[in-house]
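Take this structure, written in structure tokens, and hold onto it; I'll ask about it next.
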């Protein structure tokens, strides 16, 4: 494999600051980004990426490619939690298996954003509607996970407050802000873009860098939880992203996505949620152990994807799209 | 009326994000901008608008127009709470009437800033000394309100700690930061402007957008308080701004303000304070019910002004200045 | 002396906002920058200055000048706390003397940053490796201070947890972030600079300005503590920076530093730590009175340096380098 | 001065609205909420406050002794299901005009 | 270990300096203040913390039992006028060098 | 419901990890921590929270009465050296499944 892709990925400020954050925890520095600063950064990133996607979506319009891509996204978001559930059931009980499956069926916006920065680095274009795919893929896995719990447990008292669940799945703050910003981007178009550009574009890379510094801190603090998760889950957290990305690439090739979009799509398939889904699972499946689904997604899959995964999937694209 | 002004106002990112914030509350999304981020944004906006006004004031110098404008501002800040008080007394007791009158006699910096962004959109100039008018109009209503309470109640124990009141009125953080930044802008002039420009100008529109997202959340959360305020107050909160803006426009026309300044002046007259005055009233007139004066200013008058009011007053200017 | 240097320094936005902050406290305005915003700003400033230094260090390479400068920095960081300790022992007990000596042996990053903004104003260049000097001079004084406590007290129970002390000295968040950003700047070089530039460069001056507003608040709140510190310490807090800057200038002249670097070096020698060292001292020398070492550094030396000191040392350079 | 009961509940922030509903249903309308409380997990890696929604809230409510039974009945099932702790103690209230109103 | 009194006051943040003055006047110089406390209003729309100055502070002060009367006399009028609640309870102090000094 | 002890400690934030270690060593594994607590110093100029590391933390831990002695022995030396206060009171625990586990 073309190691230069990994190296050129690693030598970017965001990734290096992610390492710096991990190092801070490992050497026990007292560096911390106090709450609610990371929250501010993540709201900013969602707003900026959604807005940009919306502006670009207006330009491209809703073509057949758009529809096909969004369809593929929805299907993957429903199918991934299904088969990962059965893999996980080999070793875990239903509650944990469903919660982890939902986590991996959903996506990580920061991974997506890091991948888009990676593409910008390489001067590879990608389409604004990939942000719509991002938004679409966040929630379905939560619903699939809960259906799985309902099917595979005999706990008769269980009755989800479905309205609350749907609320949480489709109106949680990340999905809401992302979709809202996308719509506003579509409504204001090029004109809105120009006035917001110094804020949403100029600062973007810097805020991402700062935010990944915090993600490094957060991920590293989770590493010691991995002792409890065991070898099975750690291997799962590295192998499943690769498998999912592979399936994603196959689909992308099949429906003829351009290279940039294909990378983002595979990254969406490969990434796991560590905010929205864990929050939903704590509320709806309290029997599952949060440290299992949070730690694997945050301390294994997230770093793996942004360090090795993104260039690896790009390498796959280079091979397949040649 | 020229509906295109309203539409073009509504299709701007700041207004759309304001709607997004309101929607978030209505659909019960958990979106929130955690404290103290909104505070940071409001400090930034005051600093930036004050600094810019100061820089421009240096260029224009203190001419007859400046003096006339500031005089008109001071007069409106004293007169508006007087006549609104007597209107309010028709239905409310002295405490509530005085507190609400003070609220509407004062101004909302964010409404002013939104109006200035609206003018920038339309490529209409406005003068730096309007920021001085903004600063001048914040405090007098507090004093007028307290004098009214003193005159119209027979509660002999009441004795305001006037030094504390003046302190609170003229040195509260918004007035202080605005005036301070204005002075610094005047002192550093063009040179200071250049070094601070990427920060105070480049980010301005973006921060305003983000801040209005939060204002949408805050305003919508107040809407349910309106049940308690009743029809009288709600109509008051829509009609009085129009009346005040009208009087403001008449004065502006009379002293020959340019169109941009006239809009800002009418917006100052029309807007109501939801930070400085409520804070002062809680301390000095604890008998008044905060949910009355906060909710009307925040959940009715503020949205009305930024959505309908600003383009409406602009329409009036287009008619009058023709 | 050339008063125009002082005036032109004072008429800059950052210094004026520092005054504004002090004024706010003096007139009892309720202006405050709520936590953790100042923390965010200080992290940003460290990241930006470190990153920029690293990028420039890559360009210049490690030359003889670099080595000499860093050597000089290390020596001053060890020697300053030694002789200030003996001066302080004239009036204070060992604990207080050592803690204050450590404070003045270390540095203040914000003073350094303000000086670099001052140089940029005057169009005088300075080298990226001065940031490395900044990082190098933060910690040694802590170690020297503790050794002094050990030598001059007979408290047999005292046994520092040296590993903890070294940890705190060399891995505290400011040193860690500064050095980390420096290294990342070196690794990513010109390319990384370009992508981060709108964030780390464009916003820099504005954030510094905002941060100095807060420093003005913080410094002014400390002024009343000075009653307890007495005339001796206040004079010390003004005179020692001048002496240290003088020694620094002599060394700089001796090893032929360019003018910009010489100013920064003298400012490093003259400045005192009010974050890292006080934190370390509270933990390791709890017998010392924090209000002594925090207040002198924050309420006397810091304002003195940024208002009078920086132009004064520049004036010295103008004389010596002529 | 008269005796009232102090209820203190520490629970995950996502339970907040449910707990406040329970308190309200039991007739306890006054409460104070402190957010961003780190917990036992502080030492076990669960403190990533607003990142992962695993932060706690600290809820204090003062109520009349006879309201206590209702509160316990309503709150206990929530804590059993979602985690969290609840403790009761005795305090004296300094009667103030406002407080009478709120009890 | 010896018995002291725990005073806890919840009030709007603008009362903070007045309340601390009262405590000081009553000879109680130690206190701890937690800011950004949401209140009963949380459920009634008054929680817009620093936007509208309607956030609460939670003040804890430990004092000697004989100081209590003075505190109550000084603080009660404030709470009556501006709102807020005050509760007293018994706690044991773990004597430490510093604490003796501060009491 | 059964009786437990409530330990509340207010100390400088740099002591936090040391205090939590002591609690753990004494067998008290549950705790809640509130940060950014302003202190007595609020009125004496020491409140510049995260600027100068002079902010306090407020630690609450509920424990079985028989664990108390160990806690006091372990925590007192820390407070003597670095400052801070510790108070103990009685509370009733509302037993919940989780709580039993955590005690």
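Should a chain be cited, it is by its letter among A, B, C, D, E and F, assigned in written order, with residues numbered from 1 in that chain.
Simple rule for what comes next: a residue touches a chain if its C-beta (ideal position, glycine included) is under 8 Å from a C-beta of that chain, and two chains touch if they have at least 3 such contacts.
If you're wondering where the values come from, they're calculated on a predicted model, not measured in any experiment.
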Set of chains whose contacts include both subunit F and subunit A: C, D
Going chain by chain, each one touching the next, work out the least steps from subunit B to subunit E. 1
Of the other chains, whose C-alpha centre is the longest way from the centre of subunit C? D
Taking each chain's centre as the mean of its Cα atoms, which chain lies farthest from subunit E? A
Comparison of C-F and A-B by number of C-beta pairs in contact, larger one: A-B
Over half shared numbers or under half: where do the identical copies subunit D and subunit F land at their interface, same or different? different
Between the Cα centroids of subunit B and subunit C the separation in whole angstrom comes to 41
Between subunit E and subunit F, what distance separates the C-alpha centroids? Give it in angstrom. 19
Any idea how many Å lie between the Cα centroids of subunit A and subunit E? 45
Of all the residues in subunit D, which ones touch at least 2 other chains? 34, 36, 50, 83, 89
Counting only residues that touch at least 2 other chains, which ones in subunit A make the list? 34-36, 39, 198, 202-203
Just spell out which pairs of chains touch, all of them. A-B, A-C, A-D, B-C, B-E, C-F, D-E, D-F, E-F
In the complex of these two chains, what residues of subunit A are touching subunit C? 11-13, 16-17, 20, 23-24, 27-35, 37, 121, 198, 202-203, 205-207, 209-210, 213
Sort out for me which residues of subunit E touch subunit F in the complex. 1, 4, 6, 20, 24, 29-35, 60, 62, 89-99, 102
Which residues, counting only subunit D, touch subunit F once they are in their complex? 8, 10, 34, 36-40, 42-43, 56, 58, 72, 75-76, 79-80, 83-89
In the complex formed with subunit C, which residues of subunit F make contact? 12, 14, 36, 44-54, 81-83
Using the touch definition from the top, list the residues of subunit A that touch subunit B in their complex. 35-36, 39-40, 43-44, 47, 51, 167-168, 171-173, 176-177, 180-181, 184, 187-188, 192, 195-196, 198-200, 202-203
